[in-house]
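Below is one structure, written out as structure tokens, with a few remarks after it.
Per-chain residue numbering starts at 1, and chain names A, B, C and D are given in the order in which the chains are listed.
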Amino acid sequence: MAPPFYAIISGVGTGTGSSLARRFAKSYPVVLLSRKPSSYEPVVAEITAAGGTAIGITADASDPVAVDAAFAQIEEKLPGAKLAAAVYNGHAGMSRKPFLELKLEDLETSLGTAANGFFIFAQKTIPLLLSAVSSSPHPPTLLVTGATASVRGSALFSTFAAAKFAQRALAQSLAREFGPKGVHVALAVIDGGIDTPWGKDRVVNGGVEDGKIDPDAIAESYWHLHTQHRSCFTQELDIRPYVEKF
Amino acid sequence: MAPPFYAIISGVGTGTGSSLARRFAKSYPVVLLSRKPSSYEPVVAEITAAGGTAIGITADASDPVAVDAAFAQIEEKLPGAKLAAAVYNGHAGMSRKPFLELKLEDLETSLGTAANGFFIFAQKTIPLLLSAVSSSPHPPTLLVTGATASVRGSALFSTFAAAKFAQRALAQSLAREFGPKGVHVALAVIDGGIDTPWGKDRVVNGGVEDGKIDPDAIAESYWHLHTQHRSCFTQELDIRPYVEKF
Amino acid sequence: MAPPFYAIISGVGTGTGSSLARRFAKSYPVVLLSRKPSSYEPVVAEITAAGGTAIGITADASDPVAVDAAFAQIEEKLPGAKLAAAVYNGHAGMSRKPFLELKLEDLETSLGTAANGFFIFAQKTIPLLLSAVSSSPHPPTLLVTGATASVRGSALFSTFAAAKFAQRALAQSLAREFGPKGVHVALAVIDGGIDTPWGKDRVVNGGVEDGKIDPDAIAESYWHLHTQHRSCFTQELDIRPYVEKF
Amino acid sequence: MAPPFYAIISGVGTGTGSSLARRFAKSYPVVLLSRKPSSYEPVVAEITAAGGTAIGITADASDPVAVDAAFAQIEEKLPGAKLAAAVYNGHAGMSRKPFLELKLEDLETSLGTAANGFFIFAQKTIPLLLSAVSSSPHPPTLLVTGATASVRGSALFSTFAAAKFAQRALAQSLAREFGPKGVHVALAVIDGGIDTPWGKDRVVNGGVEDGKIDPDAIAESYWHLHTQHRSCFTQELDIRPYVEKF
């Protein structure tokens, strides 16, 4: 039997990550990385119950040793499987704070997740994606979740913007380096509040219906990016609710 | 019976426009606008043979009177139908020429298609799209085909870039004005050569396989834009072959 | 005697244009183009009284015939003089209006000034600037006045943005084509209200001191652009009051 | 006697930093920060010989303790002086390397200089600049030296681009936060090779005359930024040789 293909989602909680896991699980076994088992357990259970394959692994994406261990585990659990899609959906610890109240640690924390974590994740996954180029059902894909702060340095968001800008630069450079080798690297600039269970009480866009982004809809766009033909790669797209000011 | 929905594609030849027509025809009756019947006739025949509904109308998109007449014809042929998707895929007469050899007419010709034509098309279609907001299966959508020159003024492409920049500005303004009213306006920046029948002999990206964009793949991305949930609108995306330098 | 150098400012009234005229008149004879003599007469008188040379010419910058006649007049009045700096400061008829209330004429009017007018002006001045490359005290310079709408298509500013985007594309293309030939083409994106005599009553930025841009300060930045060494050309800069939101 | 004003340049060697030091020394005592005394000593000597005041301080800009010590020294040597201009001109260790050959340390090194170093420098200087707002001869200014990689993530420059993007985000956020308080924050995107003593043998732009940027010309543009009126702040400008492709 030909080796199956799998997808990996880093940063799975109850929001976008779990929607991505459910969406990609329709076509692939999915590996879910989170810092805490409680983050991925409900999604793993849900996907399994629906007849899919989901493997949860506990790892801090900004810790290279933990990430190495995670990929060793994947090799054990899905021997011979090739990586078709990798999504870096890490939380970047968005903090809104006057610049003079920030500590250097705040910058390092934001960079650690958005830049260092994505760097580590890309270094582990790109070789795997490259080795799937000739056989994968769709061009092997590395996707990363950006934010408004990926393209705009707003007042009071200096460290978060620094980290998301850095992440965007990495995504662009990787797209230019690995696109010609058949790996699709894309950034989704999420420009709006996401409708997550933990954010139910946060009022966005005046509380209007669909004023927060449906994470299942985000997952559809990521799936579309993954399935784009190699003659037709999108490197960057923005996503926002119809009522969002921009 | 509830009134059906239809899609309209302006600028249908044998390239992107016909792919768009075939793709949208899977879900809607499609209206195809071209300057010459010979441009749309083969696609109309093909869609009809496949069991779909396609109506070809001859009109110059940069001529307001011709566009008015075209919409009057649509009202006759599809009485009561509502507009779900409108695609402006006009050719902008890309000319590569030293600036000092250009005539003012070259600028006017480029603007006429890309800016004036899109303006006229948007003024006709937006009221129709607005009236479909509450009932359309997907958020009513106005899509426009951009180019590298939409975001970059290259040497020797001054008038083409002027026209495509102008078109992009219109798309952005319309997205900001009509998004909150439920109409999805998006621009696809096509950054590469398209694999069309008439351009078979043009060597792009060293002639490598899939070095030209498959127009059917473009159509899939447009269809994805059309089906995005209103909480998750993309305003702009880029599209290019995996081997394209950018 | 070696032929002198002159500067030309298109679009001179009592705002930025007159500040530019005064600033460039410190180093060059200046030619001022306006649609009405009343626009340039006070500035011409002021510069003359201060010992400078200023020539006012009545011309509509979007009319090629009028522009031709203007340059014929310059040749008569400043025989043998070479063009060191040309500034296109045309008013683009900024109109704020819902898209569906606009007429095609509104688009054409905006494009006429910002795109066609700049095109005509560039076609007349670039050959003159090229011929000054080897002798001009500073790299011959073509400057154009942009606006917020040069880089952002806001709701209700669709036609103005279309025109200013088109103008920016032209500036970019010309910079790429003529920079290597020694002509410096630059765009200033003026992102804020300008402190003009006729706009004294318009409250901007809460009426705070210096909340409107001092046109003399704009002129200093244009002069700086003109005097940049050819190894150090700026193609685009933004200008806004310290209190402006952006 | 009113307290004098001074300028500080971080990252002074024989290239842009020394040109900046010489230019700002025409109007202010200047403080030069470098990692090694040999970097600033010749410039300090030159400025002193010309009758100016220059103080060299050895400090690693990415080390908060060293930076604290440097500012304590300044307070001793220029007691009561207020900071009028601060320039962050740190070298970001541009490395061109395939992504899969990079180590996490390469990313951290680039970020350390461009992001962390600028963060530390900004945290030390912004309070000083704020306290000079009401008395400084020009709006107190924080300038930072960017690169092509500030706005473009090229293949093989992933970590350098990540760092320069991050730095640009910080500059943008700080401009938005502190502009309204009277401090001018600006980024110069240096898009080309600089004509430095150590790079004399590097061939750029075919070796054409003025194909490398004259660092004295860069210094003139920084000085212009510093002297802009507060109603007329530039946040970002690009700088490149006339022959540079872009």
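Keep in mind that, in the parts below, contacts are C-beta pairs under 8 Å (C-beta built on N, C-alpha and C of every residue); 3 or more make two chains touch, one makes a residue touch a chain.
Each chain and its UniProt protein: A, B, C, D = NAD(P)-binding protein.
Everything numeric in this text was worked out from a predicted model, so none of it was measured.
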Most distant chain from chain C (NAD(P)-binding protein) by Cα centroid: A
Chain centre separation (chain A (NAD(P)-binding protein), chain D (NAD(P)-binding protein); CA means) in Å: 35
Where chain C (NAD(P)-binding protein) and chain D (NAD(P)-binding protein) are represented by their mean Cα positions, the distance between them in whole Å: 31
Centroid distance [mean C-alpha coordinates] between chain D (NAD(P)-binding protein) and chain B (NAD(P)-binding protein), Å: 46
Chain B (NAD(P)-binding protein) residues counted as touching two or more neighbouring chains: 176
Graph class of chain-chain contacts, one of line, ring, star, complete, other: ring
Pairs of chains found to touch, sorted by chain label: A-B, A-D, B-C, C-D
List of chain A (NAD(P)-binding protein) residues in touch with chain D (NAD(P)-binding protein) within their complex: 64, 98-100, 102, 104, 107-108, 111, 115-116, 119-120, 122-123, 126-127, 149, 152-159, 161-178
Partner chain B (NAD(P)-binding protein), residues of chain A (NAD(P)-binding protein) touching it in the complex: 139, 176, 179-180, 182, 184, 192, 195, 210-214, 216-218, 220-221, 224, 227-244, 246
